[in-house]
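Shared between the two complexes below is subunit A, which pairs with subunit B and subunit C, respectively.
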Partner chain A sequence: MNQLLILPILLPLATAILAALARDRPRAAQGIALAGAALHLAGCATLFILIVRIGVTALWLGNWPAPFGICLVADYLSVIMVLITATIHTAVTVYACRDITAEQVSSGFHSLLGILTGAICGAFLTGDLFNLYVWFEVMLMASFGLLVMGHRPCQLTGAVKYVTINLVSTLLFITAIGLIYGLTGTLNMADLHGKIALVGDDALLTAAAMLLMVAFAIKAALFPLFFWLPASYHTVPVAVSAYFAGMLSKVGIYALLRLFTLVFSSTAAITHSTLAVIAGLTMLFGVIGAATQMEVRRILSFHIISQVGYMALGIALLTPLALAGAIVYLVHHIIVKANLFLVSGLIRQGGGTLHLPRIGGFYSRHGLVTIAFFIPAFALAGFPPLSGFWAKLVIIKAALEIQHYTLAIVAALVGLLTVLSMAKIWTEVFWKPAPAVQHEQKTDVRFSPWLLAPVLVLALTTVLLGLAMEPLLQFALTAADQLLDPRDYVRAVLGGTP
Partner chain B sequence: MEPLLACLVGLLFAAALYLMLSGVLIKFVFGLALIGNGINLLIFAAGRLELQQPPLIHPGSEILSHPVANALPQAMILTAIVIGFAMVTFLLVLLYRTYAYTGTLDADEAPFQEEWREDDSCPEPLIRTQQDIKRLRRESEL
Partner chain C sequence: MHSVILKTATRLMVGLILVFAVYLLLRGHHEPGGGFSAALVAGTGFALFVITEGPGQVRAAIRLRSTTISLLGLGLAVVAGLPALSIGQPFLTGFWWGPANAPWLGTPLIFDVGVFFAVLGAILAVLLALEEF
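Coming up: the complex of A and B.
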């Protein structure tokens, strides 16, 4: 049964190859991508059900004896991340049928998206540090390709910032890997869990932990390393930006969550206290940055930063409740943020632009788009009973429980400022009458069901998550327990008694 | 051997960081190539350097009969070299395309400082032919 672990990686990569072969016939490539995405979703859902039933499972690729080969490990955190990736991948692929032009399809959109998805799933499932690095690189390469597709000048300057800073991040990552290998002689994460306690050289270990933290902080767009994100995300096609916004920075958060519980939980107290400060500043600067923007996707980009701060806060606090909060927040955020970016595509289609002063009147003209924006926007802002409210509540409660009052206040305040930003888009796009000077604004825009369906399904998911938070929270608490007490994880990987 | 290698790695890192922080993007590429080599040496040193034999099992034997060199860092370095090569190549192409529009690779210049909006009309590329490159070079020398 554990062979299933390979599916989330194999299916999108196979789809990517088939789509690349068919790229001269855009409709065929689209069909392949849709079928591949649906299969991927089904495969990930099966894996999810399996792991919930039988617990942590490991798969040794090539059947090398532990701990020498590369292994895939699925615990609760991994499977929920993989499932959510497949969901967003499917939604974006459906949306792309109308959003992505035939020219972009023939320059390899579906292949790049498939490779990106496979790499993200690989990063979520791998149990080996060097393998994680390789998946990060594959992910980067695919995202570079998507980022510069069409090579408009605004894309290129944004891409230069994205590419350079992300390359620096991978350099720090591989340096840390070298140091850790020198200290412990292993790169298997479960093996590291035991061996890291035996390392005598605390200074070098802290240095390696710090290097890893900075590397992942760049990926996750934490303060002060976030500037690449709002410089690039608003320049790409809507479907691509939705996928990036949902998934990319969250892989950094996942890596932090994994390594700073499994590997560096006891040894590196300094990294966690640093991370707490950084998390607070990230929340604050992200939301303040959003307040100054007047373009829908740039506002949303800055909100990714402030939201990632909440997850980093959950990781920094390192209590079961805080980690569960971070996991709930991850799930909620990926769905809501991808959805908001997809809605921004509808806004642009209906209004001709994404620049706030030049749009208006959506409330009276586009009822469905209004609903599709309202739900994720106010879930993001944390209105009860939507999912964002519960996610914020759990994180703030966890901060209060261990007397981190300042951080709890910052988290609550940032929630309030998020409302301000969302209300700004709401007033400008939906309530304000359409401005007199219409620049190519059509009055009778009909939205294709290919665009509306994924948006509405994701909005419905947000509502359902909010109304049925208890199962998700219980799941997240179990996942947090697995992270804090990784005996099952270590046993699944190394076998026998750890 | 290892202290010597450590000094070399430090030197490579220092030089690479200097280049990468210079603000000129083409120097960043050189810095990237340099630091990649520094990191590879670091991994190599992390696997312990000793004058030993290659990890080969003698015919007729089932296990290694003598101490051998650590093969794992070499495998990792090989992977890192391949990935680093791809990254440098991609970055060079990206910078060339960017240069075609901006006419500069100085990160402090206006094209890299502006916040582009999506509905901005896109400027024509400055470079289309070899003559354009020569013209730009003349202008920058003046």
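Coming up: the complex of A and C.
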């Protein structure tokens, strides 16, 4: 049954190839992409159920046993990430049916999205450090293609920043891989778990851990290396920015979560204390950056940064509760953030612009959009009983438990500032009467169900997650236990002797 | 570029380079070589061709869009992994056909050919785009 592990990677790749062959007929390409996304979601859901039932499972690709071959491993963390990726992939594909032009489809939108999804799932499932690097590369290439699609000058400036900083990150990553391979002679993560403790050279090991941390911090947009994110996310089509906002930086967080529990948990205390400081600064600077912005997607971009800080904090604290908090936060954040970006597309359609002073009056005119914004926005800000409240609560509680009072205060304060800037969008776009002078704003905009359906479904998911927090938290706690005590993981990968 | 020396040399070289690429591709399973490096070598052959004859000629000669070549290669690589799934082995497990001591066709070779075209298509796309810029 472990054959299922390959599906989350294989299905989007196959979709990408078929969609590319049909790209001169945009409607056919769209149909293929929709079918592929639905199959992907079904496949990932099946994998999720299977892993919850039978526990950690590994698949040796090509039947080469680990640690010699490359293996895919699905534990609780991997399967929930893969499931959430498939959810966002499906939502974005549905949304793209109206948001992405035929021209963009024929320049390969669906293929790039498919390859990006396959790569993200690959990164979540792989049990090999070098393979993780390869998936990061594939992700970078596909996301670069999506960033420059349309060839507008502002897209290129954003894309150049994005690619340059990400190439630096890649370089650091590969350097660290070289060091680790030199020190231990293996790159299989389960194998590393055992062998890293045998390394005598602590200084070199810390250096490798630090290099990895910086590499992933760039990917995850942590302080002070976050500037590429707000520079690029507001320049792309809405569907693309929603997917990026949901998934891209979270792969960096996932890599941190995986590497700094499974591989570097006992040896490199300095990395975790550094990460805690960085996490605090990331939260603070992200939210302050958001306060100065007046464009909806730029505000949301800065909020990604401040929210990623919470997850990094959870990783840095390294207690079961903190890790569970980080996982709950990941799940909550991906859904909410992708949803908010999708809603920003509706706001632009209804108001003609995303610039706050020039729009208004949505509350009286677009009821559904108002609901669709209200739920994720105030989930993000941490209003009970929505999912963000619980995620923040768990992280702050974990910080208080081990007497990290400063970080707990920062986390609470940042939550407050998030409310402020969500309220800013709320008052400007929804409550404020529509500005008098406006040419672009049409009064009788009707939103296509293709655009509304994914937004409302994601909003509903947010509400349900908030109401059913107990099972999710239990799941996250089990996932955190698997990370902190990876005996099952190691046994699944290496067989027999842990 | 108009250079008789380059043009004459290219005629001689391109064929040799492509043959060498195929050689690298075929020996790749057990010895250094394989789809990736073969595609890089073949790419240099096409680069010479692009420099002397211009991108238009090359586009006409390869007929397919370079990104299509790339994706077909990716498709071939995926397909090479599928036979294993049908009998319950992990994805990409190798199968060989032919005499047991010297099998001449196997799924790893098909996979390598897929990699070859995926990489070659990507190189061609970059080359042609840069040359037409």
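What we mean here is this: the second predicted complex is superposed on the first by the 498 of 498 C-alpha atoms of A that agree within 3 Å, B and C clash if a C-alpha of one lies under 4 Å from a C-alpha of the other, contacts with A are read in each partner's own complex, and residues count from 1 in each chain.
Everything that follows uses one rule, which is that a residue touches a chain if its C-beta (ideal position, glycine included) is under 8 Å from a C-beta of that chain, and two chains touch if they have at least 3 such contacts.
This one's a predicted model, so the numbers in the text were calculated from it and none came from an experiment.
Overlaying the two complexes via subunit A leaves subunit B and subunit C side by side, clear of any clash. For subunit A, the partner that touches more of its residues is B, with subunit B and subunit C as the two candidates.
Look at A:159: by the touch rule set out above, it reaches subunit B but stays clear of subunit C. Of the two partner chains placed by the overlay, only subunit B lies in contact with A:177; subunit C stays clear of it. In the superposition on chain A, A:318 contacts neither subunit B nor subunit C. In the superposed pair of complexes, A:86 makes contact with neither subunit B nor subunit C.
Superposing both complexes on chain A places the Cα centres of subunit B and subunit C at an angle of 40° as seen from the Cα centre of subunit A, in steps of 10. By the touch criterion defined above, A:60 reaches subunit C but does not reach subunit B.
Of the two partner chains placed by the overlay, only subunit C lies in contact with A:10; subunit B stays clear of it. Contact with neither subunit B nor subunit C is seen for A:455 once the two complexes are overlaid on the shared chain.
By the touch criterion defined above, A:20 lies against subunit C but remains apart from subunit B after alignment on the C-alpha atoms of chain A. Between subunit B and subunit C, the shortest distance over C-alpha atoms in the superposed arrangement works out to 6 Å.
In the superposition on chain A, no subunit A position is in contact with subunit B in one complex as well as with subunit C in the other.
By the touch criterion given at the top, residues 2-3, 6, 10, 13-14, 16-17, 20-21, 59-63, 108, 111 of subunit A touch subunit C in their complex. In the complex of the two chains, the subunit A residues touching subunit B come out as 130, 134, 137, 140-141, 144, 148, 151-154, 156-161, 163-164, 167-168, 170-171, 174-175, 177-179, 181-182, 231, 234-235, 295, 297-298, 348, 353-355. Against subunit A, the residues of subunit C that register as touching in their complex are 67-68, 71-72, 74-75, 78, 81, 84-85, 88-94.
For subunit B in complex with subunit A, the residues that touch the partner chain are 20, 25, 28, 32, 35-36, 39, 42-43, 45-47, 72-73, 76, 79-80, 83, 86-87, 90-91, 94-95, 97-98, 101-102, 111-112, 114-120, 122-123, 125.
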